[in-house]
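Read from first to last, the chains carry the letters A, B and C; within each, the first residue is number 1.
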Amino acid sequence: MSDALLSLNGVHTYIGPYHILQGVDLEVPRGGVTVLLGRNGAGKTTTLRTIIGLWQASQGTIRFDGTEIQKETTPAIARRQIAFVPEDIGIFTDLTVHENILLSARSGAIDEARLGWIFGLFPPLRTFWQSTAGNLSGGQKQMLAVARAIIEPRKLILIDEPTKGLAPAIINAMIAALKELKEMQTTILLVEQNFSMARAVGDTVAVMDDGRVVYSGEMAELAVDKKLQERLMGLSLEAHQ
Amino acid sequence: MSNNLFKPRIERPSLSQVIDAKAPLFLVPVLMLTGLLAIGSGSTWLTLTAAGFAMGMMIFIMASGLTVIFGLMDVINFGHGAFISLGAFAGFTILGLLGSWIENPGITMNLGAVFLAIAFAMLVTGLAGYGFERLIVKPVYGQHLKQILVTMGGLIVTQQLIYVIWGPDEVVLVRPTAFQGSFVVLGAAVEKYRVLAIAIGLALFVAMRLVLNRTRIGLLVRAGVQNGEMVEALGYQLRKLFLTVFMVGCALAGLGGVMWGMYQETITVHMGAGVMISVFIVVIIGGPGSIEGCFIGAMLVGLLTNYTGFLIPKLALVSTILLMGAVLMWRPQGLYPVVKTH
Amino acid sequence: MKLLSGDRPRSKTLSAVLLLILFGLLFAPFLFPGTRSLDTAARICIFIVLVASYDLLLGYTGVVSFAHTMFFGIGAYGTALALVNMGPSYSAIVVGTVCGALFAGALAFVIALFSLRVRAIFFAMMTLAVASAFMVLVSQLSGFTGGEDGLSYRIPREMTPGFRLVKEKLSGVRLNGKLITYYVVFFSSLGLFLILLRMVNSPFGCVLQAIRENAFRAEAIGYKVVRYRSAASILSAVMAALAGSLMALWLRYTGPATTLSMDIMVDILLMVVIGGMGSMYGAVIGTVLFLLTQSYLQNLLGLLQESLGSLPIVSEVVSPERWLLWLGMLFICSIYWFPKGIVGRLRGT
């Protein structure tokens, strides 16, 4: 796949003495949503954190848009137009919603048109524009985290489990947002345990287990192949349906 | 998808939570009132309170840099005291050159001399802070044990270098004419210099809050204190930000050094390390990383030191230790715990 | 040799140096006659115990405390106060020493309860504040402690220079009470040092090291981290207090400057780190090197300054009074490049 925006080749990552990623190979095609599936502890979060440089890969290469980035620092990688929504949401709880968004706009100013679009996707952000982010509810915090990643156009957005612990209505809002981003040709790498969400937005899929990618292919194929699903993810997948 | 799913709702804190959050704000008035009751005489109380606020402001100036440095990068600089002394000596050099300005009875010339001395002291300590961060702090970043030891080493070396430049003797720092003597307010004598110290301290506190709340770099500092990793993931270089904050913190120590030196009127190489005891207590009381906590803590320590200094002089320093113990019993993380979001 | 089991010097040079120091101190009165060298030898003995007890805390548990001189001072003042109030008797020495050690241990226990649960940085800051407040308190309570001037007192006659053991001199050295005191100091220090050495190589010492490496894991295996750390800090405090008692005995004077000052705390820190953290032998090497440097580096710098006399700043930098500048730089370099200090270097680790 020569048109991959991001490709990982034999990536190994250690966290302290623990060997978490054990040779990850992953391709993220341009302009689509790639979903990273797998049970807890399979290395999905570590994969995202290694891409953005918060963990250092000890071995292997990470190519983004034609350049090897695995030796770069986190700010340098982020400046290559990669946004990151971490598993713990990572919003600044002492800052207001406005200040959170303002910091994510690296140009120093918020594009009003784009902000209007975001308000359309996530109306509560308009209501609580001047409130302290720490006082938002869990779902609103997640909306802010995603809004922060898309306030300026980015080439790649890494999102770690945006639906964790959220009410179905908010999950629907997330799905709608991701679909709109997809239409705008933004590439997204999404870690997800909720298979219905994964199926709703995913174009391609990669399944991880024990620090490796054990399956990758089109979402459409996996979505219809119940046997494959069971072989790859066992019961964990059924439980989320 | 219906819109009422997004019915604007925010978790309102309950009344007891609000009171709990605001409680530290009442500590200063409560302490002042207790002081008044214990001292009895209104004019004595006023003199001591002014002295307490002046001392608190100076400690705040010196402690504020330290606490932000800690909040941002988990670094406590045990060599901070050396920058206080360095600032005092640098200011002394300038005041020595401007001898005629100081002796001039006009307040303009006096203020000019003080501000030039402060500016030079901040320049010197800011630049020294750059060297200190690169040579002493950066190589052991993230390793606490080594960090404590190596910054202590930095303290020793910097103190010795001050000896090399200014000699081993204590020197007298003359207050400008306009700031000698006292005002009489409501029958209480209030030293003029203390009024200046309070004014500079308040101005700095307001300026700091403005910078932290209204500027981009201030926003970044506040964000970085909470979640440095995410600041980096947004594309900002935390290390550069930290270096800047470190230099500003050292420059503030220099500013505090000039103020403290003029307050004490004699300066020695060890004056910084001496006042650092109060600075550390203030940082711990306030909650390391918190500017507001640092400010309240500094006022408490300043007032308490002066009240007990009058009532039971021998227990002045011990009383602040007891205050620290009491605050930690109440809030183990300090008055305003900094919430780390990762 | 059984006492050393588990932690032998493991280096010929190190063994040779340690033996040299041992015999040097054992025969110090005869090898280096003169009041000043005997005083240096006694200080070395006492500081070896003090520094080794600090290493128990810093090197073996990874806890940075700035309150070690406080315990040293408590021991010294305990003995001093007993001698002042009970007169120059042996029972006064015993009572003062025991009380000082008990008080130091109790205080260490309280501090441990209060602050060993907090992070290392805060513990360091708090101990600094507490130790300073203690020193100020001692200087202020002049009716009780003699204040800034400290306490001078008499010790039993047999331990004073005025007492002659025999009329004759032995190889030119007068066998007087001062000599007896020196050997009391020497053998007490040796005994305390051997106890510390034995302790760190016991199972207790192993647990402490495990905690230093990974407190979380040690807790997970089932060791009560807080309990072990408290035990270590109490032990370390008691040892420091005993060293303080020896100091009080040797100097026949106890004051804030000789026992409680932050300068001594900084000296201890330099000795531990330069000698080698996490090894009792490091305490020995660091102490000897530091105290000898204190006298002899100054001479060397004096010579340097004379030969460089014409250059203004440079001659200030090598001025004999600036010996601490050079040791401070050595200290910083040790932390960067040889964190196990001189002992680590000699052992080639």
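Just so we're on the same page, a residue touches a chain if its C-beta (ideal position, glycine included) is under 8 Å from a C-beta of that chain, and two chains touch if they have at least 3 such contacts.
Not measured: the values here are computed from a predicted model.
Asks: What is the shape of the graph in which nodes denote protein chains and edges denote touching chain pairs (line, ring, star, complete, other)?
Replies: Contact map by chain: line.
Asks: Mean of the CA atoms for each chain, then the mean for all of them together: which chain is nearest?
Replies: Answer by centroid distance: B.
Asks: Can you give the whole-Å distance between the Cα centres of chain A and chain B?
Replies: Between these chains, centre-to-centre, one finds 42 Å.
Asks: Roughly how many whole angstrom separate the Cα centroids of chain A and chain C?
Replies: The computed centroid separation for chain A versus chain C comes out at 57 Å.
Asks: For chain B and chain C, what's the span in angstrom between their mean Cα positions?
Replies: Once rounded, the distance between the two centres reads 34 Å.
Asks: What parts of chain B, by residue number, touch at least two of the other chains?
Replies: There are none in chain B.
Asks: Help me check something: in the complex, which residues belonging to chain A touch chain B?
Replies: 52, 54, 73-75, 78-79, 84, 86, 88, 90-95, 99, 102-104, 106, 108, 122-124, 127-128, 131, 134-137, 148, 169-170, 172-173, 176
Asks: Could you pull out which chain C residues touch chain B in their complex?
Replies: Counting only chain C, the residues touching chain B are 62, 64, 114, 118-122, 124-126, 128-130, 132-133, 136-137, 140-141, 262, 266, 269-270, 273, 313, 316-317, 319, 321-322, 324-325, 327-329, 331-332, 335-336, 339.
Asks: Show which residues of chain B lie in contact with chain A when the two form their complex.
Replies: Against chain A, the touching part of chain B is residues 1, 3, 5-6, 8-11, 13, 216, 219-220, 222-223, 226-227, 229-238, 339, 341-342.
Asks: How about chain B: which of its residues touch chain C in the complex?
Replies: 70, 74, 76, 78, 136, 139-140, 144-150, 152-154, 156-157, 160-161, 163-165, 168, 273, 276-277, 280-281, 283-284, 288, 313-315, 317-318, 320-321, 324-325, 332
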